[in-house]
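Chain nomenclature is as follows: A, B, C and D, assigned in order of appearance, with residue numbering initiated at 1 for each chain independently.
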């Protein structure tokens, strides 16, 4: 089943001539992703990894891309996303960090109007082993399997995916939501997809302190999800009111604490791992 | 079939305590429309035609209205429409004339986001004989039948509906699009509904000069509509560049002339009446 | 509502769209001493001022004085010149076209650009015109300007200037509720800067209450039309002989159309609108009578406007103005019988159908 | 980024939200002569100033002088007072609460109002709080204010004032990319006017580049945190003994969590981020060393940040700073073997799994 992307998904990279854009385009190509073109204003006519580079997204549309990876400086992200949406791109992955959340809100709500999905900002993207990777997850940690992972964190995702793969299991889909206050998708939206995907048998949620994404996911799981779900929550040790890198990881007003999330998951029958590496044990 | 509304559609009136709102609420009730409440800020607790009046739309939502008639001064229309949309109203009819078209654009695009339909501004509304009337069309001119009418004009609609009824035929649905530059629906959107409605056998389009609504409708009819369609175009005699009451009726740059519209309809096999009263003849 | 060039340029200046330095005068006395070459531009709300001699160039004090003398109070394509814009002369290297307007088919704003500016856009070949619909919710975004700049083959320097102008032009379009904002020509000056050499701004007439700073000055209308407008009527003078009063723009247009198809020549378009008051009817007659028609046709389909109200208004107007012309009345719809009764008591027969009334008035008015 | 009350009020004034007349001083010398009763408010970025004695009232010159003398340079809940806001005293009849903030669950702005203002909103009973999500595309619209006014049982006069303030407060929220705009209390003055007696404005720290007019002044951070911030690190000081360097906020948090569960006490949070440069690593060590930890744990899952780069950085830092503390390293992911080889050549063993590394560093650091 198609979960946001599949092996036919064609991808462009906005900001392909930048350091990050160029590197990760190469990695995606190695993974097998059908990257078809790059876009870099003023750089039209160049080639990157043998791919054509265009000045505008609309010039790339004859190659029928469905998805874009946006890797441009934060102040330019909103325009790049609007450009992709205007051209009819349906999956907008934003690699860039430090995107103002008001911009992220504008992008998200306008994407919804146009029936498009936003991944990120400030997340590692989506990986479907054997099919398609859009984003920056390391290629080597995956094995095709039946565990789906959704995560609010980047490196922690790799840690957990690696542990799953090392344990002999494998992944159907791994989605990084992004660590910002206004991510393009939340756990519930991802759970809907995983729940409907016949290739997914077990689900891992990697949450962190701040917000009530996990608490609401727990409610949803209780009602709708029959598949096995396990979780990890980062930030148990974070002192209240301190920022821990992600704007997402602020504990305020007693909401969104690790305790509240762990309790909500517990009530929904979701085992919560003490350590990231314990996830495979819980999945068995 | 439900065509925007049916006999179960519950309606509120925003601006019910105004002269127009009050009068037309009475007329709608006489027609059999299920008007369930009125909204007039600051007038909550009053009664109009025995209906409760609320200060806000949200207070009326327990009565489960699906549709609203907005009859408030032009500068307040956008807020009233946003209020209705925010509460989940799915049919927004705007009686008011002289609504700035930038406001009409905002209303239309936000209604679309929320899966709602806009009728008007500055139109007579929708009438489904025997089921429901939302708007200001005279009650007496209708007879239930199988002719659907869509019109860009108010009184001209009455003239033509009257002629149809007088001729012994009757109407399934009559929709006034409104005469403003940015109406909530165009002919194509209405044709889709009429085309799918099993109770509609014949279709009348009442157009006027300006814009290319009729030309595009003709293209659509050629491709998709098997039902008999006839038309009337007002403004054959209008001198170019002159405004004839409706902002919609400006002929500019050789587009949107009566000739262009009549020709387009002719090419699509749609008979165009010379006089409004000729419509019934063409329908036979 | 059309704004004069100088008003449009004031707006542009406020929104930081580059315009030439300049000032407006309403008499020769306000002219400042000559310092450098200037353009003297007649402020009239009509295109083609240049070709009609409404724009003059001055390279010294004498030619400036002469230009002002020639233009102030003159007529340009029928419009009297009451104001002149005195503007620094540009060193024009190239002329472009820019506008944002409502695309009524898509119900969205549309950007139109061309590298062929300085002429009427209608005369520019289609393939030289860049058109781009703008999503009204997201509005202008930089990529739109990049696409335009690419189409116009602009280098990065020009592209940057263009995008800055477009972004502000869209702000003007939204902020002032515009039907149209147009820069034609947008000039590339000798120093490489893009400058708006002209400014056309049309504000949606339904939005003028939000922009009270601009006078409602519409010289394209006749005095009678202006009078009607000030009284709230949709009224247009035509060159025929049959006065027309009807309700609803569509029905009024249909009435004119029917007259024309019967070789009748309408003198005017007058839409009574949806108000229900005899005064409105009496005032409508006053307007139509001022246009001196040979006969008058009243065509009413009663709805919000009720037939008996109109009938009373007709009777009152007839008495008040001692109307000598034939009045042919058609009444149908709400309170039709009551209306017809009122007219009958005053010796007026009313038709219930439109076509016989049209035929009657044409025969009564006679040939043009 | 938290703004001081006086900055927030400057913004309010600019957006025409009523605030009391007042001025800021940074020394007693700037004090203007007493004319009418005033409030002297310590400008510190912490709540509860009133209870902590940071706000004083003055009804004559002597008490004003005394208040300024007492407050300037004093400490309010640990924060030094360098600025005072001298403000006209209000005739408070009633206090309300207003704020707009991001509702992270709905990913929409949310309006929060209460007729019980002047206290921390967390202490107000739920049923006295009005909450309304605002559609970020349509933004604030008058009906939202009408609903709020109805909830607060405002009469038409107060409702009108409230709606005007809310509309402008939303403009502030959007224009300044706010996480929070809060007025607590919003005061009904003796003359019936609503006035913002306080102003709390927090700007999204990712948006400060759009608002360069505000100094990045964050006294809630320690000097070391400020140094780290200026260098671009996400760094938080904690009260333990184990220095931590990891990559990614989630993994860094997970590292702290794992330490804690093993009775290890982290001294800091430091996220290397996704950059791939040895300098970044060396600088990170510099920061962590300044916090004087007993041992240092480096936990890297290589992705964008490659393991060999980190390894080289560790070696360089060790040489540069002559680090005496134990360094425990965990390397996994991209270029893991290369990284481990580099460390080995320099006498450092690296773990490939996180948990053994955590256990090792806890045992090396010893009890607190």
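Rule of thumb we're sticking to: a contact is a pair of C-beta atoms (placed from the backbone, for glycine too) under 8 Å apart; a residue touches a chain by one contact, two chains touch by 3 or more.
These figures come from a predicted structure and were not determined experimentally.
Student: Chains touching subunit C and subunit D alike, please list them.
Tutor: Where subunit C and subunit D share a partner, that partner set is A, B.
Student: Report the chain whose mean Cα position is at the greatest distance from that of subunit B.
Tutor: That would be chain D.
Student: Count the touching C-beta pairs: is B-D or B-C ahead?
Tutor: Looking at B-D and B-C side by side, B-C shows more C-beta contacts.
Student: Between subunit B and subunit D, tell me the centre distance in angstrom, where each centre is the average of that chain's C-alpha atoms.
Tutor: That gives a centre separation of 53 Å.
Student: What whole-number Å value describes the gap between the mean CA coordinates of subunit A and subunit B?
Tutor: Chain centres of subunit A and subunit B, defined by C-alpha means, are spaced 45 Å apart.
Student: Report the inter-centroid distance (CA atoms only) between subunit A and subunit D in whole Å.
Tutor: Comparing mean C-alpha positions, subunit D is 27 Å from subunit A.
Student: Two-or-more-chain contact residues of subunit A, please, as numbers and ranges.
Tutor: Where subunit A meets two or more other chains at a single residue, that happens at 106, 110, 113.
Student: Give the residues of subunit D that touch two or more other chains, as numbers and ranges in rising order.
Tutor: 135, 137
Student: Tell me, which parts of subunit C touch subunit A in their complex?
Tutor: Where subunit C meets subunit A, its residues are 135, 137-138, 141-143, 146-147, 150, 156.
Student: Using the touch definition from the top, list the residues of subunit B that touch subunit D in their complex.
Tutor: Contact set of subunit B toward subunit D: 41-42, 44, 55-58, 76, 78-80, 82-83, 85-86, 106, 110, 113.
Student: Given the complex with subunit B, which residues does subunit C contribute to the contact?
Tutor: Subunit C residues touching subunit B: 102, 104-105, 107-109, 122, 135-137, 174, 177, 179, 204-207, 209-210, 234, 236, 238, 246-254, 256-261, 266, 269, 271, 274, 301-304, 332-334, 353-355.
Student: Show which residues of subunit A lie in contact with subunit D when the two form their complex.
Tutor: Residues 20, 74-75, 97-102, 105-106, 108-110, 113, 124, 136-138, 140-141, 151-159, 162, 179, 181-183, 186, 206, 208-213, 216, 232, 234-239, 242-249, 253-254, 256, 274-277.
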